Amino acid sequence: MSVRKKIWGEHAEKIARRLEAIDPDLARYIQDFAYEEVMARPGLDLKTRELLAVTALIALGNPDELKTHLRGALASGATEREVRETIIHSALYLGFPRALGAMKVFSELLARSDESGA
Amino acid sequence: MSVRKKIWGEHAEKIARRLEAIDPDLARYIQDFAYEEVMARPGLDLKTRELLAVTALIALGNPDELKTHLRGALASGATEREVRETIIHSALYLGFPRALGAMKVFSELLARSDESGA
Amino acid sequence: MSVRKKIWGEHAEKIARRLEAIDPDLARYIQDFAYEEVMARPGLDLKTRELLAVTALIALGNPDELKTHLRGALASGATEREVRETIIHSALYLGFPRALGAMKVFSELLARSDESGA
Amino acid sequence: MSVRKKIWGEHAEKIARRLEAIDPDLARYIQDFAYEEVMARPGLDLKTRELLAVTALIALGNPDELKTHLRGALASGATEREVRETIIHSALYLGFPRALGAMKVFSELLARSDESGA
Amino acid sequence: MSVRKKIWGEHAEKIARRLEAIDPDLARYIQDFAYEEVMARPGLDLKTRELLAVTALIALGNPDELKTHLRGALASGATEREVRETIIHSALYLGFPRALGAMKVFSELLARSDESGA
Amino acid sequence: MSVRKKIWGEHAEKIARRLEAIDPDLARYIQDFAYEEVMARPGLDLKTRELLAVTALIALGNPDELKTHLRGALASGATEREVRETIIHSALYLGFPRALGAMKVFSELLARSDESGA
């Protein structure tokens, strides 16, 4: 099973179509190079990779792409607790505003999946 | 055993003295709050926390503090392979120059500990 | 009176409850460590601390947390002029887009408090 | 013709009025120093300057100001292809999330000007 | 007295010559626009402006330019204590590595001026 | 001729060997994906790509990797004037300290190639 399938789950096709509509070449690099080449490398499990991605995205302050990887972390086996710890931990290195901003995004994401019964 | 002891190993006292010489209050916050309160939290093992710290420091581009946590990652059980994967993985989110800069720091650090027979 | 009371004013309890709903541990660190320990330190008055916080948040580009500290700057005695100067000054170090983005946030905040008669 | 006229086109007066309403002094620095002094310098054509501005804004992650310069790039003669290449190229240095975030902004901007028949 | 004179003190001419050797046009913008126009604005005293500059430079992680403004803060009347508080305070917003890196730069600068009997 | 050959010139083999010594996998991604796939794309000439890279590296504040692309800009046909303009232009978006730091790197690089008679 491809890395994208594992991370994007049932939404994999919808996400792929949306990426391609935005830019087919960038979509191809993200899918073939980022996901299926680099993310798929052995030597570090997918859950750890997603927690690292969450940290990088807290550093960048990109809320949309952060959401994708907060979901990806849960999808690849991280518990809610581990994601919360990753965010709290980031406050040490990246400051409280970045950590708080990320925690808001995560708590909204949990609230919404709760409402939908997911 | 304290988190600092685990991460700083035999250099713990020297590092603590140097921190205090720089600024006693900042040193106290780093030791008591950052290390013994936040880093010591359960819910995420120390090795993962150090790999996350490495990612955050690649994002910031702080080579000195990066070195501390590259060493900390090895000291808390990460293999050379896992550290290399963490750095390569960061290229996706933070770009190649940041990843390459970090890999240079890591490869110098490995070379030096090799020379010293460590 | 606690630092949070001075900065958050009449909204202090509402803000505290919201923070706790997002994450109780992160909320505790922000309240006990960030506000009541570090912000409360002598050696630099609260108004200056809030103007420094505004500058740091312009650097990060976090509009939500910026708003909190723009309000905090006014609440701790900064004039509208001093806040505007802080933002204009930041353009030298952080570029015009960051400064302009921050000035938009500030001018919306002033417009809204004007409407509400505050 | 002033640089602002070339870049802002028919919206020049509206943009100028909006800038002034936000802060007259910052507006003056942006118009007189940023646009009419630095952007107007010879030695680099306006199209290249706007593509460089796009790259800088991808680095900052400021979507509103990015939009201004994506439009400015097209207004100063860059083709859609050149703007897309600028964004894809930025992924190498600034990572995929920044590039993807910018490409979303650009593809929404193109969709909207398509709808309006522009 | 010009702002540069106040901040650069006896080194003003040497610094000006060095800036000009690097690039005469950039030197002119820094001297005429940054220092004599924006830094010279009323509405915020020079000491506060230099502490804000220190915060912005901690955010950027530019050690050379940070040193210039750490010296400038002292030259415009900030005490060692106020500079230390500015740096400690920045840890909340920008993380401990940035604050620690800046405190190292400041403590080296103090040590050197101590040695020279200054 | 490959993109690396054009940019790295006579140093191409030495640079390749050094990259490989640092990390063979990261070296491969930088050479095959970054240089020969993305940098080699049509739709934007190599000189413009290198000036964009310079801007991205000013934003990151990575002096070593900046040097590589300042050299690359000259090697792909940019004049000294165009590189200076790119750096001055970046001050508007990224602030004066980043631009000044980059101009120092560029002026040292020019001085050194002058000395070597190159």
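The first chain written gets the first letter, and so on, giving A, B, C, D, E and F; residue counts start at 1 in each chain.
The working rule: contacts are C-beta pairs under 8 Å (C-beta built on N, C-alpha and C of every residue); 3 or more make two chains touch, one makes a residue touch a chain.
In UniProt terms the chains read A, B, C, D, E, F = Carboxymuconolactone decarboxylase.
Note that this is a predicted model, so its numbers are computed, not measured.
Participant: Pick the pair from A-F, D-F or E-F whose contact list overlaps the B-F contact list by over half.
Facilitator: The same interface as B-F is formed by E-F.
Participant: For the pairs D-F and B-C, output the one whose chains share more C-beta pairs in contact.
Facilitator: Comparing D-F with B-C, the pair joined by more C-beta contacts is D-F.
Participant: Centre to centre, by mean C-alpha position, how many angstrom separate subunit A and subunit B?
Facilitator: Going by mean C-alpha positions, subunit A sits 23 Å from subunit B.
Participant: For subunit B and subunit E, what's the span in angstrom between their mean Cα positions?
Facilitator: Whole-Å distance between the two chain centres: 29.
Participant: How many angstrom lie between the centres of subunit D and subunit E, each centre taken as the mean Cα position?
Facilitator: 31
Participant: With chain centres taken as the means of their Cα atoms, state the distance from subunit C to subunit F in Å.
Facilitator: Once rounded, the distance between the two centres reads 39 Å.
Participant: Which parts of subunit F, given as residue numbers and ranges, touch two or more other chains?
Facilitator: 25, 29, 34, 38, 41, 56-57, 60-61, 84, 88, 91-97
Participant: Show which residues of subunit E lie in contact with subunit A when the two form their complex.
Facilitator: Residues in contact with subunit A: 91-97.
Participant: Using the touch definition from the top, list the residues of subunit D that touch subunit E in their complex.
Facilitator: Checking each residue of subunit D against subunit E gives 25, 29, 33, 38, 41.
Participant: Which of the residues in subunit C come into contact with subunit A in the complex?
Facilitator: 19, 21-23, 25-26, 29-30, 34, 56-57, 60-62, 64-65
Participant: Would you tell me which residues of subunit B are touching subunit F in their complex?
Facilitator: 61, 84, 87-88, 91, 95-101, 103-104, 107
Participant: For the complex, which residues does subunit F have touching subunit D?
Facilitator: Checking each residue of subunit F against subunit D gives 34, 38-39, 41, 43-44, 48-49, 51-53, 55-60, 81-82, 84-86, 88-94.
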